[in-house]
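Just below is one structure, and these are the notes that go with it.
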């Protein structure tokens, strides 16, 4: 029951993390101190990664979100340099392994002010890690284009 | 200058939206009431879409994030039904138009508890909108796999 | 414990279903009547689909195993006819839905006496179900070719 | 005639290998000792590879069957290591050479408990044999999905 | 023996059909009348399709041999018109069904005086049979380019 | 005029090279000695490569014609060995450079007794020249399949 | 000779069309009136399509040149509307038929102020002519990127 | 205002660079000396790259424009040689970096007298730079084919 409420609380915070504990307490139907305790628990146990805001990227001056997929051959040598470069590059907001799209095994999402910025980014990326990448292809999502459903975790519902 | 500080504030909130206005005031070097006013401004002018938390999806019981790319022929008739279905489907966290990956023009990101859940979702999606989709392909990112850089807006830095 | 032994028994039968219950009893370390009871249980609860032999297809005169992948548009109308045809065609040994290989959503495995037999089979298949299939491609495995690991369930080991 | 009956017997055993020799004798229309002799012959001459059961993989806890296709460059050096690894890996149930799907020349079928298990398997496979594999792609068949025709040799009929 | 010699004769004629029966008789080691009889037999039983010469296409003014592969959906209606058109088109020297190259099921070889001729041919072909062709792609072989092995049946050797 | 008649003669011989000079003389409308002289001219000047017969490959025991397309990287070193191997391999009836089918630059046509023969041929080819070939794919034409227009030069008509 | 000089003149004008007839006369080695006459001849006979300047597109505010390739099914009905739309659209600088890139048969070059402009253009194009286009894909060339050789006819040299 | 008129002038010159300053002055509505001054300004500031004529390539004897797309691995060593070769090759009229068409990152446009010329050009290009190019594919536009909109900058209109 407690676990179930904690999960409920987390989904409420994904929807809106700005409400006071008291406000959420009413929705979930427990006391405010319980909410406070549960929230601290969610933070400590790592259920919550970050408190953040989802910005309007377009208003901030960004034009493109790029989803880049790669087939990276695993020659473990220079791995560390590549990892560091990716971690410290402020344009990259996600990098993970995976599977699909004609044998790709990595995804990288990056955010760019315009196509030239994307293009320069890709040239640098390719020329730096060319030896480790066998196949690479991107999908460009324009931020001023038609976005039917803006990215958010608020749509998710607790797993039954 | 005011504008610049407001942007600075927004980036700080992308990094961490839980800090008190007073705490952020120190970082940016303005008074707390200024921060409060600027934050309200960011909310009203739509710079901030949502206050949210980024959850640990793995801990919540999700196994897969699917990035699905489609070539949707624009036969505008049944568009509205498809849009509604996408908007109301809780597994879909992003849908937008774009360009790339061998002629695809749409991206859809969805989150799944396991491969069977993804597979059932795709079967339903395909059988429902088969007439509108000419080409479709997905990349599956396992949440328990190796994730070099977890998704976050905190990496972004103000555009110079 | 009982469950664990039953699973152990099933894996033993996947390896070799010809041994007597007594022979297997020794391996698992329970009495023969227990084995008999467990085996009947496995049959009743559907853990065992079929008792079968894996034939040497080459010796039987087969030359090719074909793995065919399709993107089937779901126009539910003539589905039943197609299902019946597949079910009753003796060359098809597996048909299932799935995901991958550039947007395919079905797999079909079939066994052929030679390339002409495969080719005739494909022509009939395509001409019969052409309206339902948007994309189709095959991989042909020669039975007289180099087979590093012959198909068998005997390699599988109990999940820990 | 004898040969023909032996083949008939083999097809009967592919359908059901559990029946007593006496039961099968009636179906084929020869004496039981003849069946017993023919069966021993089939075993000795290698017409029968294995007596086995086809398990309900879903009930055993498996979620995915992966069909992986590769273009393996033949640099014969480290071949032996790769062969050994494949032979001893319990998740792999078939490996053979062949032709198709945009220039692939090998097929590998493997069985997995979930997508993460598949994904880890592929990461290990790729990083281990990256130098030998030029192109790789998979089709995933969900065991809890819609399976029109479960795998079996029982559908096959004697070649006329 | 007679059959074997007849086959031998056919292979000799594939190499060079201009030699006199007497000349060939010496090579095969039978009498001239036997050769004459065997040759007539090869013609009557359809082992020989045509007596022909292989021309130097380049000298005749041809520049390109095009190999075109198609995925033809089998909507049997207008088949006859298409067949007639192909049969009577003098540029087409081969049309057959088959399998490969990403799901193609037909091959067509045609010979052209230059790229414009090929391009006009393709435009007419596509616009005429567009409804029957789902996918089409060509390989162009330049007759004035590097041809390592000119087309001929003379390389073939009797099957052992 | 003489040139024109010579070309006419060549086309007649492509249609049927077995007719006597006298028979052809009537068709073209010149004297028999003129035909004889023109034919010798066509041979000397290389307009005629070979006198041959087009065999019924199916009757000779062949099942498959394979059209293989490659992207061969030009590392000129071992070129000579590869050329020799191709020239002396009796199954290969054509090898040339060209352009198309997703960046391929070579075509090779080969004739096989069955799929196993093709498959063995490809394995040997790939393992021998693997370092020189970056991409390879084939189309298989079954000789016992539906052949709308059998290969022949007889369809060609003089260029206007 | 006159013809040769006229061609020479045209190539000189492709290099630089601003020079006076007198200036060019010296280079080619004929009198100025001859140049004037030849130039008029080139204009009248259609050797010269346009006198133009090649602008610095980047300085004019353009960011992207898009090369779009399509497989257009030839359903001749609405052709005229599509042609008119293409002809009157100021962003399109070239449209022609052709062959290549996995079965495409048309090329369209267009120039855009930014990625959003390109993306909107493509959405309109696709939704307007979706029924006529079976396959579409683009290559984007950034004008502020690395351009090794800027487009010009000045590189061309007279055909020998 | 002056800037706006200068841009207007440039677009007029893209349409037709042959008109006298006086003629253009009337169209734009300023004095002729202003036009002269503005034009000189456009030249000095680099808004105008070249004064040129667009030739009728077909009449000049060209048959094909080739658009070649490559994935060039950035091994910076021999870069300079390749650049020089491209710059000095008179058949190449454009070379630039970019993004699209299944991971290509360079475009090259070249003009050819016939397919053999194109084919020889590609053979030389591939054999020379084979080590630097991972993937390459072309689209061929026939100059005697159907060209809906001939290449020109005259269609462009000033950006609002």
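Worth a mention:
Labels A, B, C, D, E, F, G and H are assigned to the chains in the order they are written; within every chain, residues are numbered from 1.
The definition used in the following text is that contacts are C-beta pairs under 8 Å (C-beta built on N, C-alpha and C of every residue); 3 or more make two chains touch, one makes a residue touch a chain.
These numbers come from a predicted model, not from an experiment.
Separation of chain A from chain F in touch steps, taking the shortest path, is 2.
Matching residue numbers shows that E-G is the pair in A-B, E-G or C-D whose interface repeats F-H, with more than half of the contact pairs in common.
Chain centres here are Cα means. That of chain E falls 7 Å from that of chain F. A straight line joining the Cα centres of chain A and chain C is 40 Å long. Each of residues 97-100, 102, 118-119, 123, 137-138, 140, 142, 145-146 in chain C touches at least two other chains. If you check the complex, the residues on chain A that touch chain H are 118-119, 122-123, 126-127, 130-131, 135-138. Taken in their complex, chain E has these residues touching chain H: 63-64, 114-116, 118-120, 123, 140, 142-146.
The part of chain H that touches chain G in the complex is made up of residues 7, 10, 13-18, 45-56, 59-62, 67, 69, 83, 86-87, 89-102, 104, 107, 109, 111, 113, 137-142, 145-157, 159. If you check the complex, the residues on chain E that touch chain C are 73-76, 97-99, 102-103, 105, 134.
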